[in-house]
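Please go over the structures that come below.
Two complexes come next, and they have one chain in common, chain A, joined by chain B in the first and chain C in the second.
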Partner chain A sequence: MSRHVFLGIFEDEADIVAAAGESRARGFDIVDAFTPYAVHGLDRAMGLAPSWLPWACAALGAAGLAFATWFQFWTTARSWPINVGGRPWNSLPAFVPVMFELMVLSAGVGVVLTFLIARRLGPWRTPDIVDPRVTHDRFVLVLDAGASDPRVVRRLFADHRAVAFEERDMEGRP
Partner chain B sequence: MQAVQRFGLWAGGAGALALAIGAAIAPDRAAANLLLASWALAGAGLAGAFFVALSYAADATWVIAFRRVPESMTRALPVAAIGLALVFLLRPSLYPWTHEPVGAPGSFTRLWLSLPFFLTRAIVYFATWMLFAAALVRNSRRQDRDGDLAWTRRNRRLSAAFLVVFALTCFLASVDWIMSLTPHWYSTMFGVHNFAGLFQSGLAIMILLVVWLRESGPLRHVVTDEHLHDLGKLLFAFATFWMYIWFSQYMLIWYANLTEETVYFLPRMRGGWLPLAMVNIALNWVVPFLAIMNRPFKRQAAVLAKVAVAVLVGRWLDLYLMILPSVAPDAPPFGAWEAGGALLAAGAFVAAWVWMFRQAAPVPAQDPYLPESLHYHS
Partner chain C sequence: MRAMNEHAVSLRAPLISGGRTIAQVTEDVCAPMEGRPTALWWGAFLASFALLLLGVAAVSYQVATGIGTWGLNRTVGWAFDITNFVFWIGIGHAGTLISAILFLLRQRWRTSVNRAAEAMTIFAVLCAAIFPLIHMGRPWFAYWVFPLPNTRGSLWVNFRSPLLWDVFAISTYFTISAVFWYVGLLPDLATVRDRLKTGLRRRVFAFFSLGWNGSYRTWHHYESVYLLLAALGTPLVISVHSIVSFDFATSLIPGWHTTIFPPYFVAGAIFSGMAMVLTLMIIARTTMRLENYITVRHVDIMAKLVLTTGSLVGLAYATEFFIAAYSNNPYEQFVFINRAFGPFAWAYWTMVACNVITPQLFWFERVRTNLAAVFVLSLFVNVGMWFERFVIIVTSLHRDYLPSSWADYTPTSIEVATLIGSFGLFFTCFLLFCRFLPVIAIGEVKAVVAHDRHAKGGGQ
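Here is the complex of A and B:
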């Protein structure tokens, strides 16, 4: 699915944040923003909804915790009860370190994998970089062209010291 | 603000009066509660000094907007010194090793737990803490006049030294003053447990003061949701750290099941003490963990303030569970002496804090890095 878009290329993070804020205020559809590093406040300026990843992280953590609890109970108290120095079969305090570690492992690794899968990222993917310099020192704001007048958008970007303006067709999500 | 200070003085005075009466009727319990209040005050003062030192050493500029809050917390140190001096001089028999010497004659334990050496160490700890705290605060206030970056550099060096000294003395002080109440028991986690509680409750105090100052004026438009967010993150992290340390100490002792180690936990897990131990964990960890895990709640002053209050009640309970079972092993006591001690700690802290906060500008306006703090995004 190809999409007709406008690109504003900026040299400073403050400019792209301001441009994104004004674009949203004037009702343009912001497709995405590309920056060399995480820019504080850009998510709010773009009006991004809060990510659902923290909930995935919490759920994965709870799953890891539940699995570790059940597995240790099953191995040491049920399937093959082991007497360790006369401790109770179900020695819950002794299980806690493993429960904790598996919770952290499951939440930490799980949320990274969830992110990679959700964004379909991986070594097989050839990135379609919107402008090679976004990996270095340029900030790119992408607006959906829709029925907007390119001159209006060019003016908006220029007001925020954009160094270049482009109009192009983009394939899917970059 | 003066009204709050007066209120603090009255509350602290009422608490001190209650403890003075208690000293005549139930001297051991009164002394134990004075020890609790004084160690809580020392902890608040140390948490303030530690937080300031940490921010200088790490070049953490976001702190600057409200740095006068932790700076003024250090005024709790001399108040705590008075309280501890009263306990050590008037009621040394609170410590069993003063009447039943511990360790073989001439051994290191016997030497360490002897009253003259004990008192000398206490003086050294307090002198060190108060000198470092006074120097850090003085440099910060001098910067208000000329805005010279040299003061920041000087404080950074001072802070690095203080962090090392603090790690050692905080550990030793908690061993000396609290752990030696049960002289035959020892745990290498005890100092870390005390540090965790001290810093966690210090963060809760800072949150309450910052929220109050933002509502009431001096820090309005200076402290933003971004600062609260980071304080909330730290509170969340250190609540979890406290739980981690508490459990590490408990689990090793539970698992080893050695008589000389379980002697500490057995009386604290029996009868009426057990529910209190559960409430302790709930207030210090479960409440903060669940209430401010989600991002938006770390940015809401009302939620943070409520969690901070829960953590401070938990802090009192944590110290209560460390100290009181040595005096009243059968059942957890609660009466006028306990209430008096809590009132004394809270009132004296508020009065001392306000007194020091009013001495300097509420915001270090000439700090060269202040703009970074004002425009901070967490």
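Here is the complex of A and C:
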């Protein structure tokens, strides 16, 4: 599905933050922004909800912890119990280091994989590049055209020192 | 909180000097990758590669012949090999300190050095991992350290052993460090990709940049992932060297069986690692023209960290002696007298001179801001911290409870060649990294540059 969009290209982070803030205040639908680095404050200006990834990370960490606890108990006390220095079969304090390490491993690797899947990033992916300079020094704000008047949007962008304005069809994406 | 920090930062001098714009940041960082390597780079690379080959020859020989090629005996069962292992793991810790702990503490100066420090961590852990692998004697059975189903029952590994905790700690540490580094590298790989028009390099960068397109919705989640990895990396790095110290502390050998070991090892690890970061950064700054990014201010801050952790290490040395005396345990007392005045006194005093005495020069600002002085002092710390591990391991073992089993220890040429080879591997990897990847986190530095400009009132 392709979408008809307006693009504003900016040279400074403050301009795109202000332009995004005003677009949102005036009821335009912000499709996305493209920036060379994580611009602070743009998430608030665009009205993005906080990332849900910390919840995924917590769940994955809990899963890793639970697995490590169960696995050490099962191998040492059930599958092949070995008497090491007369310790109880289920010697929980000795299992803590591996429980911790597997929790961190599963939370860390898992959250990165979740992020890559959620944002559809992966090898062999051809990036949809809106402007070749967005990974260098340009900031691009993309608004859904809808039934808006291009002249109004062009004026809005120009008020925030946009260096270029474009109207184009873009492949649909979140 | 953030507003307060930003206010504090804005009162100081900019972190990146030379008034660079964000476009110039891309150009400056990519320049060494796009030009031809300098003669200096080739010289350093060939020298490191020669050392690596020496190490490969030594390791091949000892794997083919057996670890009887080492100078170990029944009394000194751990020596050079484990010293090198602990030394390299310790080096890695400063990388994680800079990338994770300083990120959580919002120390914005870290952006100039974090990429190279993280690369250093990965290569150091790689070097460290080689030593236990060789020590196994039959490295082709190395996978036996993992709890894999087998035809013996299944017979599982012993989860009550600190040596096994080490396996999990080191492999987790290596994986998380590599993931953290790669995640940090992702936007920069895209930046490099978009600078290249065609060719193999572009295809390689396109593959590894995973289709990154600068989308802010992606950045928004990315920031969250980065923060989570930093939050996971912080306790991880502390756990790793604590677990390494458990290898010693849970035994009954005098001089090892102490509760001070985990914090003492962690402080020592960060101390040695910061010194190695300084060594590498001063080389990188000079050879790759990164003076605007790795400024004297960065060197000054890191020298202060070396001084702080070095003083912690000095305090730990003193505490060990005090506790040995105070414990009234004759074995413990003997070990420490033997360390300072026994056959390995030369190693002990080398350690004290390099780790406790020379870093005190960092109290003086003139020393901290003199790059040549910092470079030399950082080399001293590297030497001193290697000797610390040697002293802990060899002096505690060579004269333990039974005088009839006392023995001496001298490394063989094979052991020395393996140590030299590990330095060859480390520097070969690091030089390749400097040549083929952005050594400075382009995206993060751009945020700092933009911030500096707005703080001065240039924007808005």
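Rule of thumb we're sticking to: the second predicted complex is superposed on the first by the 173 of 174 C-alpha atoms of A that agree within 3 Å, B and C clash if a C-alpha of one lies under 4 Å from a C-alpha of the other, contacts with A are read in each partner's own complex, and residues count from 1 in each chain.
Here is the rule we go by: a contact is a pair of C-beta atoms (placed from the backbone, for glycine too) under 8 Å apart; a residue touches a chain by one contact, two chains touch by 3 or more.
Remember, it's a predicted structure, so these values are computed and weren't measured experimentally.
Trainee: Should the pairing of chain B and chain C on chain A count as a clash or a fit in the superposition?
Mentor: clash
Trainee: Of the partners chain B and chain C, which touch A:Leu121 in the superposed model: first, second, both, neither?
Mentor: second
Trainee: Kindly classify A:Gly41 by the partners it touches after superposition: chain B alone (first), chain C alone (second), both, or neither?
Mentor: The first partner, chain B, only.
Trainee: Who does A:Pro54 touch here: chain B (first), chain C (second), both, or neither?
Mentor: both
Trainee: Look at A:Glu166 in the shared chain and tell me whether it touches chain B only, chain C only, both, or neither; answer first, second, both or neither.
Mentor: Neither: A:Glu166 stays clear of chain B and chain C.
Trainee: Contact-wise, after the overlay, does A:Ala94 reach chain B, chain C, both or neither (first, second, both, neither)?
Mentor: both
Trainee: Of chain B and chain C, which one touches more of chain A's residues?
Mentor: C
Trainee: Could you pull out which residues of chain A sit against chain B in one structure and against chain C in the other?
Mentor: On chain A, the overlap between the chain B and chain C contacts is residues 40, 50, 54, 85, 87, 91, 94, 97.
Trainee: Quick one: which bits of chain A touch chain C in the complex? Just the residue numbers, please.
Mentor: Listed in rising order, the residues are 12-14, 32-40, 42-43, 46, 48, 50-51, 53-54, 57, 61, 71-72, 75-76, 79-80, 82, 84-85, 87, 91, 94-95, 97-98, 100-102, 104-105, 107-109, 111-112, 115-116, 118-130, 132-137, 140, 174.
Trainee: Which bits of chain A are touching chain B when the two form their complex?
Mentor: Those residues of chain A that touch chain B are 40-41, 50, 54, 58, 85, 87, 91, 93-94, 96-97.
Trainee: What does chain B use to touch chain A in their complex?
Mentor: So the residues of chain B touching chain A come out as 247, 250-251, 254-255, 257, 293-295, 377.
Trainee: For the complex, give me every residue of chain C touching chain A.
Mentor: That would be residues 21-23, 26, 147, 153-162, 164-165, 168-169, 172, 175-176, 179-180, 183, 186-187, 190-191, 193-195, 206-225, 228-229, 232-233, 235-236, 239, 243, 246, 443-444, 446-447, 450-451, 454, 459-460 of chain C.
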